[in-house]
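When the chains are written out, they are named A, B, C, D and E in that same order, and each has its own residue count from 1.
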Amino acid sequence: KVGMITTLSGGGSGLGIDIRDGFALAVKDEPNIEIISGDDQRKPDIAVQLADKMIQSDKVDIITGIVWSNLAMAVVPAVVNQGKFYLSPNAGPSLLAGKKCHKNYFNIAWQNDNLHEAAGGYASSAGFKNSFIIAPNYPAGKDALTGYKRYFKGSIENEVYTKLGQTDYAAEIAKIRASNADSVYFFLPGGMGIAFIKQFSQAQVDLPLVGPAFSFDQGILKAVGKAALGVKNTSQWSKDIENVENEKFVKDFRSAYGRLPSLYASQGYDTGKIIVSAMANASIKNTDAFREALKNAPSQGFKSTRGKFSFSSNHHPIQDIYVREVIEENGTLTNKLISPGLKDHSNVYVDQCKM
Amino acid sequence: MSLQLFIEQLLNGIQFGFMLFLMSAGLTLIFGVMGLINLAHGSFFMIGAFSASFVAGLTGNFFLAILASLILPALIGIMVEFSVIRKLYERDHLDQVLATFALILIFSEATRYIFGAFPLFLDIPNLLQGNILLPGEIVYSKYRLIIIIIGLFIALGLYFLINRTLLGIQIKAGQNDRQMIRVLGINISRLYTIVFAMGAALAGLAGALIGAIQSVEVGMGEPVLILAFVVIVIGGIGSIKGALIGALLIGVLDTMARLFLPIFFELIMETSQALSLGSSLASMSAYVLMALVLIFRPTGLFGKK
Amino acid sequence: MLTEKKFNLIIVIGIFAFSLIGYVMNEPYFITLATKIVILGIAGCALNLILGFGGMVSFGHAMFFGIGSYVAAISAFHSMNGDSIDLIFFNFNGSNQMLFNWFLAVIFSMFFALVVGSISIRTSGVYFIMITLAFAQMTYYFSIGWTKYGGEDGLSTYVRNDLFSINTMLPLNFFIICFACLCVVGFILNWIINSNFGNFLKGCKENEEKMISLGLNPYTLKLTAFVISGAITGLAGALYVDLNRFVSPTSLSWQTSGELIVLVILGGSARLFGPLVGAIVFILLEQFIGEVTENWQFWLGLILVLIVLYFPKGVSGLFIKD
Amino acid sequence: MSLLEAKKLSAFYSGSIALSEVDFLVNEGSVIALMGRNGMGKTTLIHCVCGIISEKSGLIKFNSVNIHDLIDFQIAKLGIGLVPEGRRIFLNLTVHENLLVSAKKGEWDQKKIYDLFPRLLDRKYQLGNSLSGGEQQMLSIGRALMTNPKLLILDEATEGLSPLIQKEIWNVLATLKKSGLSIIIVDKSLEKLSTLADHFYFLVKGKIAWSGKYDQLNDKLIKSHLLI
Amino acid sequence: MAKKKEILKLSGINKCFGNVVVAKDISLAVISNQLHALIGPNGAGKTTLIKMISGELKPDQGAITLLDRKVNHLSEIARVHQGCIRSFQVSSIIGSMTVFENILLAVKQKRNILKMLFKKFQCNSSESSFVYQTLNQLSLETMETKVASTLSHGDKRKLELAMALAMGPKILLLDEPFAGLDQAESSKLIELLKSIKKNMPILLIEHDMQAVFALADIISVLNEGEIIESGSVEKIRRSKLVQNAYLGGDL
């Protein structure tokens, strides 16, 4: 039994729905897997209560689904402390990768810093010398800019933290225009990013823009429009990664739901597949065996849609992170892989994790 | 920082202020003048943006889209007023809170049901793309200039409507003593319907105009709602002039705080802490301003006792 | 139709029975739901003291709820991590004792209620609504940026605090603890609203000018009520941390304040246990419609609208005879 | 011809009866006095006529239109002007706006009101809530006149006015009567009404205890209906 | 008779609202055992004067002395505690409470918050007899359990007065207590005030001349913020000035 706690209503529900759909697609043919799903309304307290319910009343064995770091921070401890597994299909806060890591917590997506690190790496290799970086003022925002700086070899022109939920960036953009930066990196999830990219393009500032995949995902590109064309972004997945698993996923997803899959859908899908694969090797009732099975799944039959995939010692992915560019393809905006970015990338918190 | 940039940022602040005013214009009418606590104001903002986006997608014409953003919210406003709000004027303010809270749920979910969970696309027309050069080498967005102009017009219009027309007087009278104004032969319910629809239309217009430079998504209205309340309260409930000045104050303060607080704190503490503290404080600036105003003027800047 | 006393009794017994049923049927989630109802009910009843009886619509009560939560969580967090807070005069090591953390939560929220109240109560009506909101939003943004305790990510305490030698992790035990708190709070609030103070407060809600001419100081009356209300809300916040083993800025957000108000109005303001009834209705609706349809918010909204339109005295007004 | 006619009019406040089976007639151009002790139902009767109370039974016709089921503003539009008990001017409007708010074209315009109450002209742009009690009362009368009604209803309209102004009001009412306006007056001063009113109704506990002309009154009647 | 004593004394009171003068160098005194009537045209400044005495408004100039103590600096509430009680021109009652509770509000102690918190809102026997006495004085006894907002206008006026009386004033400031009362009630109130003025001096504002002439020991006439005449009933009746400004001929 799997408990799927994700955001199905209100702002940001698109992400949750994709995760759920991707997951459902992956386990569609598994009679042994039953999904109990619940809407967390993007509220941590509701998410925890759902987790309690699923564990206590529905007696689920695994919980997954959470989109947001802050909800994960609330739910993961509650789940693993009750002896259940949590598989993260999105969100990888550093605390859970480092000090507060847990043997029953697996991350199938990325550690929060990963995409930003890749972006920093890309910026350096693209020859940018001086970046203007911007993120909202909350832990994930700070992690993001730290991650970027970790791999960016140039200097930082300016580092700006905006209000969470801010939607007007005229002042920040004016500041960018007036600066000497040669590139702009931004991490502004959701509507904030849409607003930023649109306004950035409307202001006709002539600087290259780099961001993490979140602001260029399939669901969001539609809303951003042509403003996003040509922007480079980093992602561990793209629909044009060439491997059998991915092609099948993209095809199945389109035929099942009538839309292009997103990053989140792929993560949900991988999460489902890894469970399926682990179940083939161990019984869920035997916690220790199942944990081993999960851990070894990448070498025992699990094939990720992203290609190479394995777990580091803190149960986070070791994977390639690509650089993509937004292009127009048959009238729709989508992403194209342009370079490999970081190879076999893990995370810096491995040492802090003592399981 | 150069003087030029400073002036540009000041303009940005003023521009942001006009945007805030645009968002709160509808609320000023419904809340400030009719005295109805309408939490669903943000929903009309959202509905405006969605209908504009839908029509723009269909016709490719931005001006038709704007028209839609006026008409659809107004129609829905009339429906809502008729079926729900109308029964609540005589009740406690609090019932209005609960009912309009429920309306938020209904509208958000219905919108999501119809348009899906992902943000929609709405962009400004080519005609208004790009910048113009203001005297002093200041680059300024055409579209934002238009927003300022529209904001000014709405301010003037509302001022005239409320202070210079019979309709305005009658609505104010109805706010003071509803029963009495009816006994004097005025169908206040109909007036309220009209005004409510106008308020909804203004909210919708704001949603469309601002949606074009932000993201059109479910739930986009709620932050607007709170800010709009803040603007109106700072200015003093019922005062259009107050709302405009309140909006400009917040706009400029917020922009300046965002720019200068981090810089200021960098002078006295370590950079990363300074950035974070500075922007934390900047996030609060609107609320700090409101608290300060209310401490010294418990009925807002231009509110009557 | 029942008298209010009987109705209150039925409600309280009903909640208890609900969780017992959950226990007997081995559905611990029922107990969790009941616990949540009780905790939000406590906060709602506290808000009702000033909103229903005192006419002060505080749109910032999440502030006290959140402060109560954070204080209790921080204390538990430090006790768990074994690091101490340096308070100049002494080092505070945190505590994992519920009683102590409740005490801290109550003291802190009381203090903040005193500060916020003494400023806010100078205004009235909508201005009061907004100034309380302003203070709550300030704490909200503060907590988001305060990375030491998790910022936006929130703070996990992993386990519940201890109370004597009770195993608080067992849902039923924790429910009973919260239930006892509810009973005590109910008793205190009932006493207050039937005291001279309570009636003067009701008078102030309607006609402050007159109360002044009767020799009463509305400011002190209202401030006292505000502080009491804040303190009890803080207690509810502390309990909520234990329920979730987690606290985050969400509990300080305006949505939380709004929900508390909704509970009060839904159940019936100016009734002792109106908000408790509101909590029952709201949480059960949310729960059960949520299981039936994905678009539950739509239906919830519709039901709420119908309730406002057709039950002007809230749900409890349906059952209580005046 | 009858302008207002009520038959078997009863009114209730949440079920309990406040007015029972009242028959009431106002002829065109006549002045009717409605008298009774405190709490006997005078205001209730007036509220029934104006449509403020909806819990009522019986028949009311105004200008040969059945107004029983009409709502307040519709009735008012037919030509009833009310000076309510307790003034109820719009406190958030200025004097000027209070007069304008429900004005209809006709004989009475702002100028005439200001001629009648020069004090109001002095206070033209002052807000209603800063007026003295008497000034509010004048405004309330002026506001009703500005609607140029066919039937003017005054519920204790002289309350709180100085003797001088009261006198003036009585004079104005006499003039109005001459000009053919129908008026219902609730007042406690029998003496003032004696010359003005054509017909008297005495209400006791929600019933018409006596009705007739001033000449038909005697001390005993007055004593038993108005004084005890 | 007890010695005459100035309970309340105003000297040189001035007050303007913008450029409207509502009090111009007003001096008057209310003496024990006496009823001092204040009359004058509408808008003369009578209510404003009461507001200044009770502390709701501050005079621009001048001294207010209550029981030989200057009270200018005292708050409204403090003055109530001194025993200076007013009634309102527009009935000001607690609409959602019953008549009985309204009066009980007036009777209960109000100084100590803690005591308020720990005492139930019920009356003990001494309070109860006092409440009923007040109800009887204003013939409200049959309405005891009625909710105040459902009272008729006249009954509300009586309740307003009853609350002021129930405060146990040392000096009573009444703003048009006769307005809205029927004739029978007026005569009763005249009798009541006659009897209580012996124990508590009264400052009475009234337009009902019958009542004023029946009750007043001294009348002051206010016009445009100025006292234009002051003296016995006879003197005022005969004054041409007063007749022109206020009475509109002989009454």
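Assume contacts are C-beta pairs under 8 Å (C-beta built on N, C-alpha and C of every residue); 3 or more make two chains touch, one makes a residue touch a chain.
Computed from a predicted structure; not experimentally measured.
Contacts with chain A and chain C are shared by B.
With steps allowed only between chains in touch, the distance from chain B over to chain E comes to 2.
Distance from the centre of chain E peaks at A, each centre being the average of the chain's Cα atoms.
When each chain is reduced to the average of its Cα atoms, A sits farthest from chain D.
Should one ask which of B-C and C-E has more C-beta pairs in contact, the pair is B-C. Chain D and chain E, compared by their mean Cα positions, are separated by 29 Å.
Rounded to a whole number, the gap between the C-alpha centres of chain A and chain B is 34 angstrom.
The centroid of the Cα atoms in chain A and the matching centroid in chain E are 75 Å apart. Each of residues 108-109, 112, 276, 279-280, 283 in chain B touches at least two other chains. Within chain E, not a single residue touches two or more of the remaining chains.
Each of the following residues of chain C touches two or more other chains: 141, 144-145, 147, 295, 297.
Interfaces, counted as pairs of touching chains, are A-B, A-C, B-C, B-D, C-E, D-E.
If you check the complex, the residues on chain C that touch chain B are 51, 57, 119-120, 122-124, 126-127, 130-131, 133-135, 137-138, 141-142, 144-147, 254, 258, 261-262, 264-266, 269, 295, 297-298, 300-305, 307-309, 312.
Against chain A, the residues of chain C that register as touching in their complex are 27-30, 32, 36, 141, 144-145, 147, 150-154, 156, 158-159, 171, 240, 243-246, 248, 250-251, 290, 294-297. By the touch criterion stated above, chain C contacts chain E in their complex at residues 192, 194-200, 202-203, 206-207, 209-217, 220-221, 224. The touching residues of chain B, when paired with chain A in their complex, are 1-2, 5, 8-9, 12-13, 15-16, 19, 108-109, 112, 116-121, 123-124, 129-131, 139, 141, 143-144, 210, 213-220, 223, 255, 258-259, 262, 271-272, 275-276, 278-280, 282-283. Residues of chain B that touch chain D in their complex: 166, 169-170, 172-173, 175-177, 179-188, 304.
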